């Protein structure tokens, strides 16, 4: 009976990453120091954007894209939303978190509510106007999002998640309102528009790392270190495979990785 | 304010109007620039031109009316070749409007091939929500993944074609009409990597051009067998199958509007540098 | 060809023009069409879900085939509405569907997409660095170096020693070329869509040009 | 305790059982069951969006400047649902409604981008830095590769354009895809390790 046929190596890598993260956390708890991490400018920009909206007395808009809960991009937006909600609540800045995927909406609502409770601002939390389901599907969402941004005159736009064609429109509208825009996505086709129109953009893996950055110090470092080791492994494998391919063929390594 | 300053801050509406004028002009007065056939279109043509009679092609219409201009021409050309060779076609859709697009396409095909019988030669399974979960389920059992109904609400067991199409693995080839997500990004891991690549089944993606960059790694690695990029590939496929349509008609307008965009890029940069120089000169003065 | 006499075509044309007017300036027409669009599409989302899942599950799977276990996911789904309850003993139940969805979603992420997007991409980069054809050789080397340098751009904890800092920098250059290519392709795609609409307006509506269908 | 830990244990338990069930064909029926359950449970939650939309626009009724739009939205929303319930989405009138509103509007909205992208080409794509210049040049060449007039101007454009798409672009997108796969699975692993629980909301108990 083949076990994890076609998925064996995948599982090995995943389990090793999990064990590595766990081990690193224990290692840190035992008093050892973990390496420093580089700051992500995009994350500092979130504070800056909310601060600017607070000064201007205008709202912050948060959107997390067109995909459902079975996309890691959507899941990765939750810790960022949690942070944004907490920060907005603390400064009494109006937050508008919009969703256009029905099952994602209740998750966002739970997160934002928790953010307000943590900041001890449950009284100023209005579930109806803060977390909104604006449309179903990106087409209607693109038009509703443009409309909402213009009517509410948002001062900061935070886009985190899997975005599609709506990107160009919302980034242009955000730019025309003079808002600070911070984006994070792994949707490569939309990255050029975000990079050119947004003030800061978290690209691909940086975006996924954002959640780790925003969580507790030890967890964050453990996670990022584990990710870096996996990348080193990938680079070594690519070099090894390329050398094997140069010397003859790399099919042995390929079929091993495909186990 | 100098000329360059003014140009630099040109009202976007002037640009919008210019674009409209160029496109309308090119549509009304086409020039007929020659179109070269690329290798991907040729490869797709070769696959479907040698499609065996009785084999089933599964087409996933993962796009809407907006994506249709870019995608439908390619999909249509492939399906035409399959029908020409006596093959059969089952259509699914991960996008709600995709089912409609499939319906339009089959309606057009019936005009060309009046002998086709619904349920025997082709079937529209309709829109199935769930994205990658649908594909995952359909790899085991299409009927269950479809909740056993087709687009018209009939039971799937009524259609003879479904007897030979129990799972996606029974399809001789799969086409994904890809406009966004769900689309090729779901088909590649769920179907292509898991099944099509190890079993050498052609997996063809007809996509709107936005997706070209995302899908490029999968094309190079062979996870996507053939990639038909946007209206350009549509025009090439129309020429290859000898049925000229909207894609060929739009190519002149595309050429001119691209020239407009390029001209704007150049103009934008000239004004940017001129303004920078003027500002620098002012500072020094 | 001549001006269309169909009500549907005129209505569609009117709404299309209302959307385009929004590009020039936000106005009541645009706003009205936007709200109708949002309403109809949200309604359509509900109807499509009822037709494709709710009705077949209840009528065929449960009532006809007796698959009573499907009541479990139905209840899981319905728990989401518990959040409207003011009763604390009930409203926590709304977390159950969230946990169920995120649990399965994460499992799918781990099992499915990783192989296609990580392992297959590694093996696809196993290219010979020495070949007879100099162009292929150059391309292969550029591919290997490109992938490695972009990967190294994403290091979060390793500080590169000074001479090696060029690697992530080169990675960023490669990424910019990629994004430029994405931009170029998007222009083609978006203009196609506008073309489709103009072919409708000029052909089906005004009858100035020839179109099919 | 229960209220906090039961959902979390459920997420981890269901997720792990899904992964394990996928390990061998013998036990994969559980995974298939979960796939189906996922689809059914999300389907039954669909009204949550409608409820939120209705709440926002119900409140707008008090605002004279927005009233008419919210009323229009409400009529469109509930009219569509009602018609769909009466004759299903396959009904003749429903199809007409669908083809006259959603189909053209979606295309119209998407085609708006053509305007935005053209003006962005003028305003945003500027040689501010070496990196920005790389992006601009690559965009220009790929555009000329995509349309027939590029080849008519200079036959080299299609060659370079194709090369740009196949080599540097593939390298960049491949590495970004790999990084994203890694980041995505790390996000999932954080959920399974219980390090990431924001999706449940915090709050009471």
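Letters A, B, C and D name the chains as they come in the text, with residue numbers starting at 1 for each one.
As a convention for this text, contacts are C-beta pairs under 8 Å (C-beta built on N, C-alpha and C of every residue); 3 or more make two chains touch, one makes a residue touch a chain.
Since this is a predicted model, take the numbers as computed values, not measurements.
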What shortest step count links chain C and chain D in the network of chain contacts?
1
Please flag the chain sitting at the greatest distance from chain B, going by CA centroids.
A
Cα-centroid distance, chain A relative to chain C, in whole angstrom
16
In angstrom, rounded to a whole number, how far apart do the mean CA points of chain A and chain B lie?
29
Any chance you could list the residues of chain A touching two or more other chains?
6-7, 14, 68, 70-72, 75, 102-103, 106-107, 109-110, 134-137, 139-140, 143, 165, 168, 188-189, 192-193, 195, 203-205, 209, 227, 231, 234
By the touch rule stated above, which residues of chain D touch at least two different other chains?
19, 22, 35-36, 38-39, 42-43, 45-46, 48-50, 53, 88, 90, 98-99, 102, 104-107, 109-119, 121, 125, 135-136, 139-140, 143, 146-147, 165-166, 169-170, 173-174, 176-180, 182, 184-185, 187-189, 191-192, 199-201
Where in chain B do residues touch at least two different other chains?
16, 19, 64-68, 96, 129, 132-133, 136, 153, 194, 209-214, 217, 220, 229-230, 232, 254, 257-258, 261
Make each chain a node and each touching pair an edge, then name the shape: line, ring, star, complete, other.
complete
Which positions of chain D touch chain C when the two form their complex?
3, 6-8, 10-16, 18-19, 22, 33-51, 53, 68-70, 72-81, 83-85, 88-90, 94, 96-102, 104-118, 121, 125, 130-132, 134-143, 145-147, 161, 163-182, 184-185, 187-189, 191-192, 199-201, 204-205
Write out the stretch or stretches of chain A touching chain D in their complex.
1-5, 7, 11, 14, 17-18, 21-22, 68, 70, 72-73, 75-76, 78-79, 81-82, 99, 102-103, 105-107, 109-111, 113-114, 117-118, 128-129, 131-137, 139-140, 142-143, 165, 168-169, 172, 186, 188, 192-193, 195-197, 203-205, 207-209, 211-212, 215, 219, 223, 226-227, 230-231, 234
Would you mind writing out the residues of chain C in touch with chain A in their complex?
19, 22, 26, 31, 34, 37-38, 41-42, 44-45, 80, 83, 94-95, 97-98, 101-102, 104-106, 108-111, 113-115, 118-119, 122-123, 125-130, 140, 144, 147-148, 151-152, 154-159, 175, 178-180, 182-183, 185-186, 190
Could you list, by residue number, the parts of chain B that touch chain A in their complex?
64, 66, 96, 131-133, 180-181, 194, 210-211, 213-214
Can you name the residues of chain D that touch chain B in the complex?
32, 35-36, 38-39, 42-43, 88, 90, 98-99, 102-104, 106-107, 109-111, 114-115, 117-119, 121-123, 125-127, 136, 139-140, 143-144, 146-152, 158, 165-166, 169-170, 173-174, 177
